[in-house]
Every structure is written in structure tokens, then in C-alpha cells.
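Note sheet for the following structure.
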């Protein structure tokens, strides 16, 4: 009742009104676009499912990177803008190992072992980069205003990109293709590439591993304690420097593994710049899910992946917009803004502002 | 400037059936209460009883889920905090929240917002009316600083002020909006007994000299019993008692849930002395 | 601090007053001359993309330029050749800044560059205004050689290129699809780069003109890794040909992911010059087999030699497909300088700027790596030096994918086709 | 004089290895080889060699400084310099050996042994700290396993690839040539020369510590000036070219390189000037401070007048190329001043500022272009469109601000970042191609015409930018000291409380976004006119990042800071074009070092500098 | 020998000189109360002892060892535990996890016993083992904070304002608990705004005034002291 009342008084707010109009327009566009597409029926159900699954796989990669953002954010309230580069460091370095394993034939003789070795190697490389980053660039800045570490992170992002370009060159490299991942699984009329199942499953395993680590293990509890209150955590005897370093390390390890998993999934395009766009996407995913929240990062990543895969064909093509796939980022970011309008704290985030007041 | 006591019977703020929930948790539960105009009223209750939530509901920081709030004859529920401030309610915060990197005078000048009219265009063009208003604002700000006892400290960055001065500045900032009702959240927190007495006197002056109705949240029972004319006791978001200090002190529910035997006795003693 | 500024100011003022205009006695060129003293080297500029996502393009061209200079022993007319390299980025403002810098140096005779057509748009007015020449190794935008402003042209005197005009390359590609492969339906995909967008458009137009049907025109973004979405859309139309002039790595992703998409089994991919890269088959893997790539018909022997030299010098294969164009562009410029430079009595050298332009414009059947170069001067091909006849279609085979073979065998070439 | 004393030893080893790591890093990313191409002094020293040699000097001096402070004997200090010189060469030497055919077996062996050695070292250290046996053994196994994985993988990679160079592309012949001083064939001899040179450099560095203060400073000034002039030869020459005759210039420079005589002359002159400054500079500064009020004011007025004159004359002093750089800097100053309204004053972290820039540029492009996309077919002039671009950008700022008004902090940041991306993608899209050209952009944008003159040179455009900057500066100062400014500051400090003060925060924030957008639009419009064509790829997230960074680097909310920030972050990279391959590497390193050493920015406002310094200290103490 | 000796410590917040040479000592088994006005340096003193801040000058000796510049997290295993002002429970951790954090530095077998002991002391916490600490009332949070500090089995417990923000009815309970903890042999250094209560349970007390020790005596004597009565006890 009071809701209705509000509209009739002088409380009418242009901001609310505009936002409402915007919401309605966006929702309308989505509905109309989807309706048009689906009623035309150009794309079959099986194709939609395939797109969905491809989106999930892509989303798993985003999610794994997003976890690193979220971990660091959770503990330091800092956007580690260079996290995409941590991903790149692992992926780029391991491409040489993958080539070597392929040359010796080991990759196809013992694919499981080989992939495991690659994941470990990439994880360790990325972890080292992440730890160095924290130690050299971020630790001296603890407690300074939020913009300062953000700028440092941007600087670190450039620095890492061009360092790796200097080390490994500017050309593109590609992961070799692993035979056992080349096939596909036929489920009814739907054909699911094995590699996508691999990506999704290994991402899930890593995510649950992380979830267990944070929720159940001693160090995980310490991480949560540090993220809530660093000073009190120290009073518990927790070495917060070490916990923060550990957090960066874990985030780095996940990013590195994401690099290899990504290499199995999208083997091409390995170069020094490869971390930038996934980095921004993963950051978006983390915010979408509610930054600082681990399940949120997973959800955000998967959501973003699926949106990107399905959105252009479903909505934009339906609205008759040419070059729909070009605009998939527009869809992704519009969805982000839409989600944030409805839930300013992200899908699974907590309301910070209310607590504060 | 003092208001006549006869208006004391008017209820400046009335809430009926006020309810606020946080994701299932009921913070304020179907609350009915009123504040008599021109009085000094207190809200007391155990930690987590919903006192600060209650303030936040009145000042529009939270939108209440049910019920209505009437201030000075107008409904204010559903309004935004700035509109409520404009209608004449000002507040301070439990843990002082000044604009830390602004000077004391700037803090007070921001406090005068509800009465300012100049626009950004006027400022850019340097219109005479804008300049005049800026000068007036500053002058009134200096007067207010004097009133709260911060004369000569106007150009200090507020975070460099001492704790007591910060409390005073916060009240001064609240007064700058010329409120009819001022909400003070634990104004004596962190003060020693001597400072507390000074502050109590100052709160009385607010009412007596400026005619502002005062609502306090306070933990120090001596302060509460000493200056309040009307007390509301909250527990788990519900009102468990309301009335004059004497009544509250002897209310068995209040003693049970909040005061405890000893405190009730000692507070009573103090008031008597 | 302030005092330093003040004294600096005074000094500069004084020097302004004392600066006499030096007469260029020996020069009768209408655009002025480059006058070199006895010990000065011959300087040529390069405006290439050396940072950002497409750095490899610049690295590729720079290698071509450097090798061309090295192959002349680093000398011209007995003088050292000095290469002044500027980063033109891949943007108009980057091109402008690079050109601004080169044009400020009165001893630079001309420049190789730019890589990106957008950079050329920024650089061309400055270079032209300064009376210099620029020879682009990888610009393809038709507007750069079109003089008609109203129809979108922007050509200015002094601009040349050894890369193929998108119009020519696009038409050839479409002709190939229709006339050689005999296909009827076409899908095109670009990536928002002016180069790929231009090619895709020309191909689509020509394809339709020649009686084919363009069923889909779409685009992806640079940096996209997931092509499933657009491939699904294309699969709806099951076109005979997918014309994909994308760069690495998008083109790899496109090709590699296509095999997962039902309905595109029979669709043939034609890639543009951007995919004419040594790394493309290997990076794409099995999926690259059977793809056609359009590229310059490089004359075998000399090009082989260049690749060997490259390997020796840089320890790898060229990162992109334009190094041969850059090599030719450099030689074009150096030859022009060689032809018009006139020694003076005091051991100096006078090089007329208009003369250089004229010399390059007069190039006819210059034997380059990318064929016999002839520079045209009629809009919309004003400044185009690439031999349109030397374009070819290459087919990627297993040898390229698995055995590092490069370049791939020529499937069809325009010149052969002419002679037939 | 016990060099084995632990503190001393640690200082020397740390600094030495740091110096060595730096040398190896610069080599491995290709800097040394690339810098070798550039001669600082003709036929004498190249930039690459300079980096190799100056590093041990600097580290040697730093170590000497530290050791000297703790009262070490000269023998120790100088010995420290020598050791640092030696350590500097160590990593590079190892890499050289690994890379050479004869000594490659060393690489194989190190990779095999490294895990065990490192793990044992760690275990031994733990043992000394009385850790439990089980823990020690466990750690040993863990470290061996993890490191083993890495080294095994590396060994495999190098085994298959054949050499280091196929992975680390810059560990190549050029690099070997530089670090061995052209002794690639006689590797050991080369290493010896390199080591000797480095030891000498380290020794000289530590020797500097014993120079008296004044000559030391003089030498420092002299060397820095000479080397900077040499390193930035191209830029210096561009300036001199405007003011000197070509023959004179040719006597000083051989192309972009200082000639030996000129370098020597410059070194002597600048050292002498440096000596005078070091000896009498303090007195002069003191004298100025002691001037009477009237005199001082006069001096300041003269200073201001000179500064204004300098601003007005700048293009004619620095020439066309640098004017072009100045215009670019000016555009970023303009955007910086605008974004500062949102970030510095109102505390709104806007990462999508490029939106406004793009809107301004495209508006000007389609309104004035005489090409096929021009709406007005050239009937609108630059001057008519500038206000339109301004309003359009404000409108865009307004529209994009509405949905994000309720968002805070990082959510706001990512949402605005998203808007930047959306605008970029729309600009490039096929969808809007009929309007704004899509990937092909808009061409044929005429230059502004002022009193019949076509302003096509950067020297002329400079004045447009200058005027725009001054107007913006004026407006921003006015706003800063107004009611509106106070509202913004209140929102920045505490949005909830600001609302409680009766501020309509939504409205104030909208205003901040809108006004902040205005200068972006103007900058975009000038940019479009300057370049003459507009392409979507000019409007990337890097513009937003650059503008944000320059504000922070300059000092947030500080107007002079914005100018300095723009000069450093936009101007320097333009001047560093000669190192273009490493521009972003250095840019990134600069940002990191700046933020660590001077988080309050180069020219901070008083409050901010106080807050940040105090905040860092207090919180560092609290460990927060 | 005293368990804790604080010797002329000077501590700064940035440039603000907060402690100007404070000295006192705490013997084993005592409850010592630090009282004083807001800003007198009580909390700073505790923070300096617990290692959250480092004194610029002076020394803190614990059990004969100089701990002035030992980090807070290392002091916990030496037996110093602090309950911070405002309780500082980890709101998003459960009660049990909070207690686990208290025992973070320990790896001995006694943790289980200590947990039982703590639950015995605070039966309320056992009931709410699985609940998030943030959802508990202020009084319960205070109990949790104390219980958590006890989980590290400290020899010296630093309590910062345990009664702050609590309803009068709960304050007595907190002080009872403090007394009981003392009886178990833990030495307690108590900072309290409520000087009245603090002096009732303390053995000795120190009055701090703008960063210096103004008075020190047994608690009983302090209660009788006229200035103390006037300024800190509110008795006219």
C-alpha cells in the first residue's frame, strides 16, 4: 500500500523513473528479440543447447580467472587489474612445455599425466608471478586509498604484458591438440565436444577444491578472518602477510590452470596480450556475481559465458541488428548494468551500504 | 527564542505500526510511538535492540516495510534522507561521521544545504546573488561554530580536531539545517563523566534556547534519567515500555531486559542527587 | 626554477633572431630538397606498429625493411643508410604523430609505412604536406588511393603502397570463389578492423555482381576466442564459402571451431592476406587443411632466400605476411633515391623531393619479391604499386600443418589465369 | 673492516644481485640490444652499454651510501662496490654460459640439481630454526617436488627446442654481442671484459661516496644532463633545430647523436653550472626567501609573466613535432580536468571516460566532414560544432550516469568501464555504420578556420587547446569553491551523511557526471579536427586508463598535478618513442614505482598528501 | 619478576605523539585496570603491548624478554592475547570457527579440552556453535571475543573496554567472567571506561592522562582518591 502511496506524493524521482524506463526498454528488447528469433526458428534446439554448453565452457574459464579477482578483492578490497596478466603468464609459458610434450609424443601417450604436468607448471608460474606482484607492487601500498593500488595494478598489467612480450616475442603461439580431447559425445541429437566437457569438469573440480580450501581448511578460515578484520586476525596469531601472499598464490595458481585449460579449449591465440580481455571479462564476472564472493564468481563467470554465447543470436539477431556477434560485449555489459540496477551488490553479494548506514 | 511549554503536548513525530525487516530478520517490529514536541526524549535498549535502525528509519536511510511515519503533520515514510532533512529532521551518528577532509566551517556550510539556493551555473558565472549567498552561508557558519564552542577552529581540517570537538562539530553541522527535531546517536559515548555533564547541559540549551525537539540514543543511564522527559525502551525491535524516567526505572520489564537491578538503583540514586 | 625558465626563454629568443634562412642553392625542386653534407647518412623513416595488440605486424614489416637495407650492405651511393623508426600504433593519431616526427627531420627522404590503414589516414596529410613520400607495406583501404573526397577517398600526393588495394584483392577473391570454385553462396565475416571490413565488403559486392548470393554478413571482435555463436548463425545458411579475412588469432579460432558446428561440413574457408602467415597452419592444426588463403605470389627463389636470411637474422619465421611487401617498398624508395640524388661540388648530396615522388610514380615492372611492381596514378588506384596480377590463392595442405612447410602450394594464380 | 659481517654482507649481496637481476631482465626483454642501436655519444658509448655500466655505478653508490652511514671502513665500502660490480655480471654470465653451445651442459645440470639444492638449503635453514624433523622432511619433499616439476619441464622444453633462444627470443646474438662487448666468438674473454668493466663501474660508484658533497653533486648534474641529452637526442635536436642553424646543429649532433666534442663540452659546462648551483644555489634560494614583501611580489609577478609568455610562445620554441606532443598533452589535460570533477571532487570512480571523448569526436566528425558521411556537407564549421559536441557529451554523460547513480565504488567502476566498452563496440559496429562509418571511420574532417587561416599545424591547434584548458581550469576552480563543490566533496567523503545533510545526492552526482563529460566532448572534437579522421580504434579503454592514471599520478584533485601528470604520462611516452618497443614496459614500471614511492602524486593537494602519508603510516603500523 | 614490564614507551600515530613515556608493571595473577578519559592513551597502550603498534622509544618486557618490536601474531604463541575494543568477532565465521581462530597458533593436543573449558565458562556459546557470529547479540559477541582470546591459552589477557556498548544488565556478567578467568590463573590487563566496575575487580590501577601515567595505586585506594572520584567515577 505504501508503495502505491509513494507515487502520488512529491517523492516522484526522475532517477527512479528513468531507471524504470531503461529497465523496461531493455527487458522489452530482450523479449522482442528472443521472440522474433525463436519464432523464426532458424536455429534448432540442438544448436541452442550446443551454444549453451560452449558458453558454459567459456564461462568456466572466466570463472576460474574471476576467482582470483574475488579472492584478492575479498581479502584486500582491491581490484587486481593485473590478474589477467597472471593468467597470461601461465598460459604463455606453458605453451612451450606443451609443444615439447607434443614433440616427444608424451602428450598423446599419457594425456592425463601430461595435462596434469602442464597445469601444475602453469599454476606454479602464474603463482610465482602473482606472489612477486603482491610482494613487490602491492604490499607497500596496504592501507593507502583505493585508487592507489588500482593504478599500481594497471601499471603492473602493462609491465607484465610487455615483459612477456620481451621474453617470448610478439607472435602468436598455439597449444598442440590433444587427441583424446578431439572427439565428441553424442547425446540424442546433441553433439557435445569432449573438450568442452573436460573444461567444464576440470573447472568445477578446481572451484570445489577452492571452496573446500576456503570453507574448511585452517588456512581458509584464516583467509576469511583476515578478509574481515586484519588487525583482529593478527591478534589471533595469524601472520596476515603470509595469508595474503597465500591468497595471491592460490589465485595465481587458479589463473595458471585456467591458462592451460583454456589452451586445451581454445588452443590458438597465445600471446602476450591474451590476458587482457579475459581479465576484463573475468572482472566483470566477479562483479556480476558479487565481488568478494566465491560462489558468486563462479556463477558470474558461467552466466557471462552463456550470455555471450547465446545473447547475440537470441536477442540482437532477433532485433534485426546486423553484425550481431560484434555486439556481444554490448550485451554482456548491458546485462551487467541491468543486474547491478536490480541488485547493486551483484547476484550473490551482500548489501554493504545498508550495513554501513 | 524559547518555545512555550504549552506546545509540549503536540506530538511532533508519530509512528504507527512501523516495521523494518532485513532479509527475514525483523529489526523493528510493528512499532507505535510518538515524540512530544519541544521535549528531550530518549530511546534506550540493549545492544541490537534496533535503536539505530529506528533512527535510520526515521531519517529515511532505510525505507520502512510497513506502517507510517508522520512528522509535523506530514507523512515522511518513503521519502529520501535528503527530503526528510529538508523537512526539518537532523541527526548525528553513533561513531562520528564528519566530512573528514573538509574544514570545520565547510562541514557546517554543507549542513546548511536545505536553505541554499544558488546553482552551479551561478557559481561558474560568479553571479552577485550566488556570491552573496556564499558570504551569508559562511557568516552563519561562523556563528554556529561559536554556538557549539568551536570559535577560531573553523579552518581546521575536521579530522584533526579533538574527539570532543568533533562531537560538537557534528552537532553544529546538524543544527545548521535549522531542524525542528534533532536525533543524537550516543552523544556522550567515549566521554568521561565531566565531559558528559557539559554535553548534557549543551543538549538542554538546544531545546531551551533554540526550541529544538531532541531525541537521544544513550547508554549512560545517568544521562538518560537526568535529562529525558520521555523515554522509549526497545528490545528486539519491539517497544517494551514508554513514559517518564521514573516510570521506566521502576518498570519490571525494563529492569528484566535491560537495566538490571543494580543499574536501575544506581541510576535512580544519581538522579535523586 | 623560474630563473632557469627565464634564461632559457631569453636564449631561445636570441637564437630565433639570429637564425638566418639558409639558401638552398643547389636545389631546384619545387617541393624542396634533402641536402646532405659530406658525412651525413641517407636517412629513411619507418612508421610501423611497434606496440599494442598487433605489434607482430610491425615486427614483420620492420624485418622486411631491415633486410632490404642489409641486402644493400647498409649503404646507398656510398653512404650509410640510416633507418629512423617511429611507432605509428594502429590508429590515426599514432600515424599522425609518427609522421609529424619524421617530417620534422629535413634529412629524411621518405618513409616506409604505415601498417594499418587508419594510421595512414593520420600520417598521409602530414607526409604529403612535408613533400615527402610514404610507401605502405600493408595498407589495403581503397580510400587511401582514391582521390574523390565525396565518395570517401582521401588520397594525397606522396602516398604509395606495395600492398594490394582491398578492391583488387577482394575482387580477385570473389572471382576465385565464383569462377574457379564454382560456388554460389557466400558468408563473410570481419573483425571490425578497417582492413578486414573493407575486404569483406568488396568480396560480398563482387560476389553478388558475379551472380552469387551473399547469405550472411557478420562480424566478430578482435580478442574474441569463442566463435561458436557466429558459426551457429552461419550454419543456418550453410553457405558454400565462408570468406574470413581475419587476422591471427581470430582466424585460427574460426577455422578450428568450425568443425564442431553441424551444417558447416561442406563450407570452404577463404582467408585473406592476414592469414597468409607461416604460423597459421600450424597454429590452427588439422582444421586448416583445405583452407584457401589469398596472398602475394612471391617469386620463389628470392623469397626463399629472404626467409633464410630472416631465420638467420631473427631466429624465427616472419610473424606475418607483409614482410615481402615491406622489403619491396624499401627497395622502391631506395632505388628512387639512387636515381634522383645529385652530388654537389663540396661532396654533399641533393635529393629533390618532387623528383623522388616522380621517380616512384614512374616505377614500371620493378622486379620485386611480390611480383613486378608498377605504380599507377589514376584514382581510385593512385599510388597503388602492387602488381594485382601477382595475387594468388594458396591451399593449406598437411605439409604446412605438420611439417612446417611454407609457403603453401599455389592453387590458382591470377597471372597464370590470364595467360591461359 | 670485516666484510663478512652479516648486515654488511647482506646489503652488498642483496644490492649486487638486484643490480644483476636488473641487467639480466633488461637483456632478456630485449632492452639492452635495442638500446644498443642508439648511440648516446657518437662512436663512444651506446645506450645499451650505458645501461650495463651505469647500473653497477648506481648500485655501488647506493651500497656505499648505506654502508658509509653505518660507519664501515673505506676498504669495506670500496670492496662492496667491487663485489657489487661482480655480482651485477653474475646472472648475465650464467645466462651467457647456458646459451652457449660449449657450456650448455651447465644448464642441464643446474636444472637437474636445482630442486635438491634449493630444498636442502631450505630444510637446513628450518633445521637451524629448530623445526620438527617431520616438518623438515616434509618441506624438503614438497619443495623438491614442486621445483622438480618446474625444472623438469624447463629441461624438457630446452631439450626439445634445442636452445634458449627459441623460447627467450631476446637471448640472441645481438644481446650476446652487447654484453660481451663484441666478443661473441671468444665468450670467456667477453665475459671477462664485461666483468672487469662492471667491477670498475661498481668501484667508481662506491668511490663517488667519498667525493665531497659539492663536487659530487656537480658531477651528478653534469653527467645526468649530458647523458639525458644524449639519450633523448632526437627530442633535443628537434628543439635545437628550431633555434639553431643547421650547420651549427651538425657540429653538435650527428643525426640524433651527440658528437664527442659536443658531449665533452656539454659535460664540462653542465658540471661547472652544477658546481655553481651546488655551491651557491642554496644561498640564492635563501636570498629569494629573505626578500622583502614588495620585492618578492615583484619577483613572483615577473615569474608569472614569464610563465605566461612561455605558455604563449611555446610552439615557436619547441617546433612542430613537440607542439604536436603538446597538443596531445593538452587534450589529456582537458580530459583530466573534466574527469577530476567526477573522481577528485565527487569521488565517483569513472572508468568509462572515453565515452565522452568518442561522442565529442564523432559529433564533430559527422557534422563537419566533407566526405560521404558528413551530415552538413561542410556547411558547419569547427567553431559551430564545438558547443554542439560539448552539449552532446554532456547529454551522453547524463544518460550514462542515470543507471549507475545508485552504484558505489567498484560497482560503479565496472559499470562505467562497461559503458566505455559499449561505446567502443557501437562505434565499430556494422549496425551504426551508415551513420558513423563503422570500422572505416569518418574521414575528410576539415581543419578549423580562424580569421581565414586554416589551423592545420599543431602550433596553431595548440592555442585552441590552451584556451579550452584555461576555460576549464577557471570553471573547475570556480566550482571547487562553490556550494556545488562542497556538495561533491561531501559526497566524496561520505555519501550517506551527505544525504543526511539534505543534499540530493542523485542530482549532485548527475551534475558531476554531466559536467565532467563536457570537457571530454570538447577534447574529442578537437582531437577529431586535429587528426582529420576518426576511427573507432582510437577510443579504447586505454584512454580512460590514461586519464585516470594521470590524475592519480599528478595528485588527485590537484589542478597543477593534472598538468604535470599529463606531461609525465602522455608526454614522456611520446618522447620515449625512440624506445617504442619498451614504452609500455617503462610506463608500467613508472606507474608502479610512482605509487609506491609517491602515492599522493607529484603535486598533491595539501589535504590529500597529509591524509595519504598519515594513512599509509598509521595503517602500515596497524597492519591493515 | 613481573610478568609484564612497560618501560617509558613512546608511541606515535603518524606525527601524533600518543604515548609520552608510560611505565607500569603487571605481576602474575593480577588484574590491573587502566582507566582514563577518551584519548588518554589506554587503547594505544594495549595496542603497543600486543604488538599492533611499535613504540618509537622505550621497551616492553614480557617474561623477561624484550617484545617491543615483536609482531602481534608472534606474541600470541608467547601467551599474550588481546580482546580488542568493539569485540572484533569475525561476523561471517561461525562461533566455532571463531574459536578455532583463537587457537590458530596452537597445534597441541589440549585444544579440545580448552574448548570444553570455554564452553563451560560460556554455555551460551555451545548452544550457538554453528551460528554466524555476526547474528548474535552484543553481549554474546563480547563473550565470544573473550572466549576466543582464551582459546590461545594465554598467560596474559589484554581486555579493551569489555563493557562498551553493553546493556547495564549484562555488564555485571562480563565482570564476573573476568574475575573467574583471573581465578583460573590468567593475568589480566583491563582497559575500561566504566572505572567504577573496573576498580571493583582490579587489584591495582593506573590512571592515564594525555599519554602519561597520572596516578597509580591499589584499586581500593584509587576508589577513595578524590580526583578519581570526581573525574572518572562521576561522584561529586
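Quick notes
Residue numbering begins at 1 within each chain, and the chains themselves are lettered A, B, C, D and E in the order written.
Note that in this section a residue touches a chain if its C-beta (ideal position, glycine included) is under 8 Å from a C-beta of that chain, and two chains touch if they have at least 3 such contacts.
Nothing here was measured: the structure is a model prediction, and the numbers come from that model.
Contact with chain D and chain E alike is made by A, B. For the pairs C-D and A-E, the larger set of C-beta contacts lies at C-D. Chain centres were defined as the mean of their Cα atoms; on that basis the chain farthest from chain E turns out to be C. The distance from the centre of chain C to the centre of chain E, each centre being the mean of the chain's C-alpha atoms, comes to 75 Å. Separating the CA-averaged centres of chain B and chain E is a span of 32 Å. Spacing of chain A relative to chain C, judged by their CA centroids, is 37 angstrom.
Between the Cα centres of chain B and chain D there is a gap of 50 Å. Shown for chain D are the residues in touch with two or more other chains, namely 169, 425, 428-430, 496, 581, 584, 611, 618, 622-623. Under the contact definition stated at the top, the residues of chain E that touch 2 or more other chains are 52, 72. The residues of chain C that reach two or more other chains are 51, 192, 217, 219, 221, 316, listed in rising order.
Within the complex, the chain D residues that touch chain A are 25, 28-31, 146, 149-150, 153, 156-157, 159-161, 167-170, 343, 349, 402-411, 413-415, 417-419, 421-422, 425-426, 428-431, 433, 496, 506, 510, 541, 545, 548-549, 552-553, 556, 581-582, 584-585, 587-592, 594-596, 599, 611-612, 615-616, 618-620, 622-624.
Remark: chain D residues 475, 478-479, 481-487, 489-490, 493-494, 496-505, 511, 515, 607-608, 610-611 touch chain B in the complex. Interface residues of chain A, counted against chain D in their complex, comprise 13, 15, 18-19, 22, 73, 79, 96-97, 99-101, 103-104, 117, 120-121, 124-125, 136-137, 140-149, 151-152, 154-163, 165-169, 230-231, 234, 240, 280, 283-284, 287, 291, 321-323, 326-327, 329-330, 332-334, 336-337, 340-341, 344-346, 352-353, 356-357.
Note for the complex: chain B touches chain D at residues 59-61, 80-82, 85-86, 90-91, 93, 97-102, 106, 109-111, 113-114, 116, 118-120, 123-124, 126, 130, 133-134, 137, 157, 173, 177.
Those residues of chain B lying in contact with chain E across their complex are 25, 45-48, 162-164, 190-196, 219, 221-222, 255-260, 262-264, 267, 270, 273.
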